[in-house]
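Which chain is which? They are A, B, C and D, in the order written, and residues in each are numbered from 1.
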Amino acid sequence: MVSTLEDRVRPPAAAGGPLSTQEFFINMGPQHPSTHGVLRLVLKLDGETVREVIPVLGYIHRGIEKIGEHQTYRQFVHLSDRLDYLSALMNNWAVSLTVEKAAKIELNDRIQVIRTIMAELQRIQSHQLWWGVLGMDLGAFTPFLYGFRDREVLTDVFEETMGARLTMNYIQPGGLMQDIHPNFVERVKSFLKYFKPKLAEYEELLGGNVILQERLRKVGRLEAKTAVSMGATGPVLRASGVAHDLRKKEPYGVYSKVAFDVPVGTMGDCWDRYWVRIEEMRQSMRIVEQLIDNIPAGKHLLVKPAIVIKVPQGLYYGQVETARGILGIFVVADGTGYPYRIHLRTPNFNNLWSITAIAPGLRVADLVAILSSLDIVVPDIDR
Amino acid sequence: MGLITEKLPLYLDPVPGSSWFLGKLDEVINWSRANSLWPLTFGTSCCAIEVMMAAGASRHDVARFGAEVARPSPRQADLLVVAGTIVKRMAPRLRTLYEQMAEPRYVIATGSCVISGGPFIYHSYSTLRGLDGVVPVDVYVPGCPPRPEAYFYGILTLQKLIKEGETVRRPGERRKPVLAALPAGMTVDQIQEEMRSLLVTEKNSGDRRNG
Amino acid sequence: MDNEKLLAALKTLEPQISVRENADRLAVTVPCERLGAFMSKLKLENALRFDILYAHTAIDWVAENRFELIYILSSLEHGHSLMVCVSIPRDAPVAPSVSSIWRIAEWQEREVYDMFGVLYRDHPDLRRLLLEDDWQGFPLRKDYKDDFMLEKPQ
Amino acid sequence: MVNLQTSWEVRTLSQRASEALAGGQLGLTTGYLFAGLAGLAVFLAAMALVLVYAERKIAAHFQCRLGPMRVGWHGILQSVADSLKLLLKEDIVPTDADRFLHVLAPFMSLLAAILVLVMLPMSPALQVADVNIGVLYVTAVSGLGALGILLGGWSSNNKWSLLGAMRAGAQIISYEVSATLSLLVVVLFSGTLQLSKIVQSQADGWWIWRAPGVGLLAFAIYLIASVAEINRTPFDISEGESELTAGFHTEYSGMRFAFFFLAEFINMFVVSALAATLFLGGWMPFHIGGLATFNAAMDLIPPGAWFAAKSAFLIFVIMWFRWTFPRLRIDQLMRLEWKILLPIGFVNLFLAAMAVLFGFYFFPVQ
């Protein structure tokens, strides 16, 4: 009943005849430049053509769910940073959201607005990095540096308020770690002004390139039905034509009060995934623009910092739309300050699975494009 | 090339005045090794973003130190930057990567996870608590994740070590690992000693913040 | 569909279900042997159409000597969501696989097998997902112990 | 029109050596030979160092950063440090590799690049050898580079290397066809295969604009095809980092890897220099037929400088490509060659033949 990887990766017997070809297995990863970390894909290749992809996970499985059982809810926030570190704030928010819902903590408008602004800024930041890395994976190194150049501007904004560049640990159950920095509003505005022309430049440099379009268009098509069945969420699902965005469907924060569109693809190919993310950056800027001028006054933390938050007994599931899809936090509480069990439904874990459906029949080079367009963060898959 | 680094000193040793020449040769070789640290494209988690990516990007630009030529193949790399958590399953693979690198090879361990296990020390059944058991580490760069500037300090420390340490006669000899954020001439043991004494005085003097 | 209507609809599908208390959304407990049929109805029934399986995991109730399998379902079309719970004995943890209904379940069930040792009937490729194939024990069980793990000093 | 055949007399090193031999001056003969060899070696090393440094600096400035800064003034000693380190690094031959071929392959690659270099007319006085089938020789010898890459990938006994080598083989051989076709256009116009004569034939204007349209088109095709031949972005699929780890040289380390590295940069120079020679007049100054004063003014700049400037410009263009474009996929690469470049090349060659036949180009040879 239970099998092992060796059973799966038996090389096929060579066919007879002097000029017969043979399929072979090859390891892509755990150390490979385009698997974005320590993901391992076992490929069954027929020449350059991929016949089968077997993802092998666990090269960065740290056992966060087990550690989480021994951490208070507030302490768990800092572990959530280290899941998908490119959307650390949104991960913080997911934990906070679930705990607040369970412990029935009501938040004021200031906290909600700041959280929303931060989450959208981080969405932009995450997509900037993705854009650069996509270019690098497809052989153009320069976009990577342009993406990072603009990302640094945003990193500075975060650093000023939160004191950290990557793992911020900022949003916590009951509010925010610190209040925003006095310069925050000004700097965000100047960032928006700076980044708008840059986004147009992005599209000129990479999006308008014939080679890039050749590499992405009609490559790695993911049908809407398959995408849903495979549990894909976020830009991957939306590129397949399903307008499922938690910010619209189950609004949290102040998303119900702001106007924004959900970009939806038609083909579900890599180009659609590219386009959806570029458009999402634009929509995120639109959201921030609406909120940045009227951040309401109020306290930034409603629960005393020293208190261990106790969550009443029960099963709670809260989810947030991160830059890569839906992050769900499933908490089994037993009435103490520690969760009895905590399960993380991570977006990348579910998004990656769809590669087994779309990669067969394509080339090795397409596999790189697909991985890039799925925007994988491996620690988020392995937890 | 074994000819210069291994055979040459043996042949030259009996010749009078050769030690001056070998010393100069040492200097030149170590200078070239220190200034051309090509890292392996390898990152496991958060630290990779800061140390491999942001450090190489326009703002910080690790290329200034000649360390931007990231090689995807371990055969051509000089520097293994272990950026991010190493778990039980990855450890043998990391060792393989290290074995595949050509001498002289150096290891920089960045981030709390590879120094001690970081936030995953307790109750984790798979996270390794420190990298020292897997590969010999030359320089540690603390931080969670360390800033790119901290990584630069690590690189500069390693450059200094190479310039001082390695000789033609003893190629690739390992030294005791160094914590990058330490002042020159200070060891980890000294720091720990100091911490202990600080803790004692803190207890004795009551609340230090007020007094 | 609000929760009462949903529950009524579910009751007509499968009379043996009971409501599981203490959950933040509608949660029903299904007997293990009825799970497969119930789940495929949830997906196929036009009025319900639970087409996305957000999460599947298990809880180790070690004191009661049982595992509770949790399926968190949602319908993109109708917008309602549901938690399905199944109790299986801890010493013979076998459950039917739902990977033929939602393809993502194949991975999620592999993860539950990896972490809890729950065996799934009719699973196409049941093997460890995150840990090595030769790993001993199932780490997310409450009674899991190994020499490597460090307890937090008090 | 000035008679340029006499004013631009070419004396290659091999010619001088044989003249000295005929005159009985054996010392002078060996002197010339050694000068040729040593000059070539120094030139190779210097060229590689300069090009590697230039590549890193140019890339850095494209990407809003500084590039090497710490080793010497603005990092000019960076490539010296790199090459010294690479030479002294441990040399690994994998256990299961075919030892002999594994060792041979990098030399093969480098050799092909050097052999072409021998033939390049850098200035009237600076050319090692000049045979009357120069163009044929260059196209034939540069094909050896593909052999080096194929051997290297195959002998490494690594699947990624093999994939990279197979890609490189298919790619280089395909694009050789287009490159040669566009070289033939110039051969048709100048009526010779000898490289120095081709340069001399451009005394009234470079072929890129003297042959209306076809010259420019041939130049464009040659540039694309030759960038593909030397495996640089957007055609670097054989060593595409993000796909094949390091492609055919995945298993190479230390000195042997440095040779592949060196060959890549020498090849880049060779390709640019060849394009400059055939299409941009080589060492010939910028002339417009009939404007004697203008031409004389242009002649004040030494021919070597003209050659260097033209090659440097083309090298810069190739680097520009690399830091701008993404990479093509293998099947798209093949489609580009066989379905687009090759037909255009044939039509272009036909048009060129017509132009030559009817004397329809600027400043026809008297």
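Following the convention adopted for this analysis, a residue touches a chain if its C-beta (ideal position, glycine included) is under 8 Å from a C-beta of that chain, and two chains touch if they have at least 3 such contacts.
These numbers come from a predicted model, not from an experiment.
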Winner on C-beta contact pairs when A-B is weighed against B-C: A-B
Most central chain, Cα average position: A
Subunit A-subunit B separation of Cα centroids, rounded to whole Å: 31
Between subunit D and subunit C, distance of the C-alpha-averaged centres to the nearest whole Å: 64
Chain centre separation (subunit B, subunit C; CA means) in Å: 46
Centre distance in Å when subunit B and subunit D are each reduced to the mean of their C-alpha atoms: 40
Residue list for subunit B, restricted to those that touch at least two other chains: 41, 57-58, 72, 89, 122-126
Multi-chain contact sites of subunit C, meaning residues that touch two or more partners: 131-132, 139, 152
Touching two or more other chains - residue numbers and ranges from subunit D: 63-65, 241, 245
Residues of subunit C defined as touching subunit A within the complex: 20, 22-25, 27, 51-55, 57, 59-60, 70, 72, 76, 79, 83, 102-104, 106-108, 113, 115, 119, 123, 125-133, 139-140, 152
Subunit B residues within the subunit A interface of the complex: 40-46, 48-50, 53-54, 57-59, 72, 74, 84-85, 87, 89-90, 93, 97, 119-120, 122-127, 144-145, 147
Complex contact set, residues of subunit A against subunit D: 24, 26, 32-34, 48, 135-142, 145-146, 149, 205-206, 209, 211-212, 214-215, 363-366, 368
Touching residues (chain side subunit D, partner subunit B) in the complex: 56, 60, 63-71, 75, 77-78, 80-82, 84-92, 241, 245-246, 249-255, 257
Residues of subunit B that touch subunit D when the two form their complex: 1-2, 4-5, 28-29, 31-33, 35-36, 41, 57-58, 61, 63-66, 68-69, 71-73, 75-76, 78, 100, 102-104
